[in-house]
Amino acid sequence: MSGDAEALAAFAYELGLLKRIRRSGWWHAGVRDPESVAEHTMRVAQLAALIAAEEGADPARASFLALWHDTQETRTGDLPHTAAAYLTKPDPRRITADQTASLPERSRELIRAAVAEYESRQTHEARCAKDADRLEMLLQAVEYRDAGVRRVDGWIESAHGGLTTETARRMADAALTVSPLSWRDR
Amino acid sequence: MSGDAEALAAFAYELGLLKRIRRSGWWHAGVRDPESVAEHTMRVAQLAALIAAEEGADPARASFLALWHDTQETRTGDLPHTAAAYLTKPDPRRITADQTASLPERSRELIRAAVAEYESRQTHEARCAKDADRLEMLLQAVEYRDAGVRRVDGWIESAHGGLTTETARRMADAALTVSPLSWRDR
Amino acid sequence: MSGDAEALAAFAYELGLLKRIRRSGWWHAGVRDPESVAEHTMRVAQLAALIAAEEGADPARASFLALWHDTQETRTGDLPHTAAAYLTKPDPRRITADQTASLPERSRELIRAAVAEYESRQTHEARCAKDADRLEMLLQAVEYRDAGVRRVDGWIESAHGGLTTETARRMADAALTVSPLSWRDR
Amino acid sequence: MSGDAEALAAFAYELGLLKRIRRSGWWHAGVRDPESVAEHTMRVAQLAALIAAEEGADPARASFLALWHDTQETRTGDLPHTAAAYLTKPDPRRITADQTASLPERSRELIRAAVAEYESRQTHEARCAKDADRLEMLLQAVEYRDAGVRRVDGWIESAHGGLTTETARRMADAALTVSPLSWRDR
Amino acid sequence: MSGDAEALAAFAYELGLLKRIRRSGWWHAGVRDPESVAEHTMRVAQLAALIAAEEGADPARASFLALWHDTQETRTGDLPHTAAAYLTKPDPRRITADQTASLPERSRELIRAAVAEYESRQTHEARCAKDADRLEMLLQAVEYRDAGVRRVDGWIESAHGGLTTETARRMADAALTVSPLSWRDR
Amino acid sequence: MSGDAEALAAFAYELGLLKRIRRSGWWHAGVRDPESVAEHTMRVAQLAALIAAEEGADPARASFLALWHDTQETRTGDLPHTAAAYLTKPDPRRITADQTASLPERSRELIRAAVAEYESRQTHEARCAKDADRLEMLLQAVEYRDAGVRRVDGWIESAHGGLTTETARRMADAALTVSPLSWRDR
């Protein structure tokens, strides 16, 4: 298994890069020191579970799809929306195929299947995970607004507009009225 | 569901705090600006899946347990090891019970069950998730060493010593020899 | 004195950790990159002198008590208020006893006496130092509000409500009306 | 006292600037994100007490002098050593006189006397405080070296060479051999 | 040329310090983590070209003057406005003379001439570059205000008041009404 | 000119984004908080002048080309080298055309001509500017190495290997032997 272990370790180091890559859209919004892709990803995976639980989907599966949804950014960076006019975003499945090519079979197929399911948007869990991605951005936008950032409306609207599940929409509506500190007051 | 949605949103904001809380042990090691709990958690959940896949456990379940393993730190902060001599660390299940008390039943039971399973260390998946927690710290220690931090040996040794699965041990050994940049050279 | 010098140096390195530990309450308020315990401590010690001078207490003594009031956090971190429901905060005197156990006698007794006096709140100087701790938080809350942070009211109110000296109360009232930039306009 | 309270509050805000001003010398050494003047000041004041205690001087007085030794930097910034060839460093007493001009008499005289005593280097406490300033820089240099910064030798040598008390010299020697983490191993 | 190459490399490292030195005025305004001198300088040089183009001056020359206008701060730091009451700001030409003393003649004369022209304010290009310096501060003030910083009015007014070209004044007026995100909406 | 001024101001805000975008390659090298594109650009423009001066090219023109060489990254981000396998890098001239479309004619043609000349690599000044881009990366790599980052060899080698002018090669060789602090010792 020594070659396998090395391939797994090398992949683990590649994933560590997500702890350093910043979410580039927030630079556009004027945030000098925004969150990392890893920080975003953790809450997306947690939200995916909550949405799936309320929607009657499989929470662990939805979380799992979310966990890998931005892992391709180790290779390309976090491409901002404005990049779409100038380049064709690569298929995430292609990057995942490269990232996992040396992994032992079980790990390789596990991750490829998760990315493929997420990208296809065909399963209930994939839709819950995608909604979690949008909802997380909306929550973060409100949190930045609470920290002083003025021009987050575009982010909130685009996140809200893309939601497809009833649970995510209700959570988004609630998030716009509830204080981010309300959990401390209970 | 309006009360439910508000409770879910409030919980989602509480989880957002993990994006700001820093992993306190690295301050001891001399790192001025260390990673957040959220950054750590994302890779723990990813590593848990890889370990579980190779160990024949359920990867999505192992990931899911990992995803909630530090969520109690919103209430207590990340207590450093040196704190153990001065206070009794609270039972994570008790904090999770409070955090989820207002959530709708499915979400509430989902998270409580995950935390309980992780803390009990009785299932194969819980042990994979716990090993992922340790392995992530080891990888981060190597990454900080590569960025110049000299005194990480204690962190590497304590992480390595606590591993219980064969896969995690082999990944840890490989991580100590493989370059963190080896994925770029393939 | 070689053992003494080593013990003093080791203690000095431990105190250096306060330059890295962040004040955890501000993470709750939504500040991503808050001040360190050391930064807080410097101004607490300065404010303690001003309060003591106006109150007719010993300014140097009040400053000195303030200087050591959070030094136990090297061992436990800065426990947020929400932690109180889940753990018993350790007695600072006990941690100080451990921190100073190897120091030469004069230094050891000096610091232990300062922490004991501060914690007992029995002397005028201890009360001035404690008010300085609260007033510093209020000033910082206003400064964060001036930098955009919206939800600092809870911090301002709790700081203000705990003040016990007339001078600190008047300074707090003035701080809520005076511009943080007024010193530049004189 | 309302005008007095406002003057004290305005001065307190001016002192808060020390929490943001970075120690400029470390930029020269290659540190991108160095400590603030406030972080430095806290440990200088603590070290001054330890040195004074061992030297038989008044620890609280030595700490107090240290607490104000860089407060003039709110007006001028932290002038790096290389500036000396191009400008005449202003007399700190003159800046302190301006900073305290509107304060009530007791606070005003208190701070002016502290700065004057520190600058004169005539008392044992002033020399302990000055040695603490140098020793703190030496400790920080070692801590940066432990975090990877290579070119700190000049800072260590210049700090060591300027020490005038036996205690500070012994602490400096010990600091060069003791691990910054030794306090955790006891 | 070996001595020349070494002198050029040493100068290049000195210029690198501008990537670390922060613009000190923003600390006064309450910004904890402000831009570097290098970040400011890049946009000053770009703005100088735009202003010069519209004013009928030589854009490349105006840019070039701007590129060196703060390079003396490697030696003195970025002296805040409040320093003016306490010290005489050194003549930039004198510092530049020292910085370039070992450079080969063409590089040396090139930079000295640029600094001398900028400081004399006699040419159209020098006035465009100076206006660019002010306009950049105004734009940054608006950007900080958009990120939550409240007390930037003094910076905006002082920048606006000093403008001497019609183009810079019109750009400043437009910058106060145009959204910093308007380029994304086109 | 009101529409022109607004277009110029909008463009100036877009350029401000370069002060926030980080150079993504350094995240790969393990740097958590790397320099911005603006910081890089300033020194590239300065180095371009030095190289051109020694090479007998036009220094102001070389600087000017350098000043705009990465300005397209406001739209696409700083694409890391690993992205090349997955997407076609857009032609910078196309992005510049869009960025400048609303500008008044003189500014528009000025910038388009600079980007076109830089990208064509046909002029001596364009080659000096491109070498400056590479040399700046090499200098920064050495600076990060001096701050502790271990794995910068790949960056140094790739930068060095691409240099085309004699001056840049000699400066690169000198930079590998000269201390980044040598300018302070003169």
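Worth pointing out:
Per-chain residue numbering starts at 1, and chain names A, B, C, D, E and F are given in the order in which the chains are listed.
One rule holds for everything that comes next: a residue touches a chain if its C-beta (ideal position, glycine included) is under 8 Å from a C-beta of that chain, and two chains touch if they have at least 3 such contacts.
Keep in mind the model is a prediction, meaning the values are calculated, not measured.
Common neighbours of subunit C and subunit E under the contact rule above are A, D. Per the C-alpha superposition, subunit C sits rotated 180 degrees relative to subunit D, a value rounded to a multiple of 5. Placing every chain at the mean of its C-alpha atoms, the farthest one from subunit A is found to be D.
Rounded to whole angstrom, the centroid-to-centroid distance between subunit A and subunit E, based on C-alpha atoms, equals 39 Å. Chain centres here are Cα averages; for subunit A and subunit B they lie 18 Å apart. Computed centre separation for the pair subunit C/subunit F is 46 angstrom, with centres defined by C-alpha atoms.
Shared interface positions of subunit E, defined as residues touching 2 or more other chains, are 28, 30-33, 74, 82, 143, 147-149, 179-181. Here the chains touching each other pair up as A-B, A-C, A-E, A-F, B-C, B-D, B-F, C-D, C-E, D-E, D-F, E-F. Remark: subunit F residues 33, 143, 145-149, 179-181, 184 touch subunit D in the complex. Contact residues on subunit C toward subunit A in their complex (touch as defined above): 28-33, 82, 147-151, 154. Those residues of subunit A that touch subunit B in the complex are listed here as 1-2, 4-6, 8-16, 18-19, 35-36, 38-39, 41-43, 45-47, 49-50, 53-54, 59-61, 63-64, 67-68, 71, 74, 99, 101-104, 106-107, 110-111, 135, 139-140, 143, 167, 170-171, 173-175, 177-183, 186.
Every residue of subunit E that touches subunit D in the complex is listed here, in rising order: 17, 20-22, 24, 27-28, 30-32, 74-80, 82-83, 85-90, 94-95, 98.
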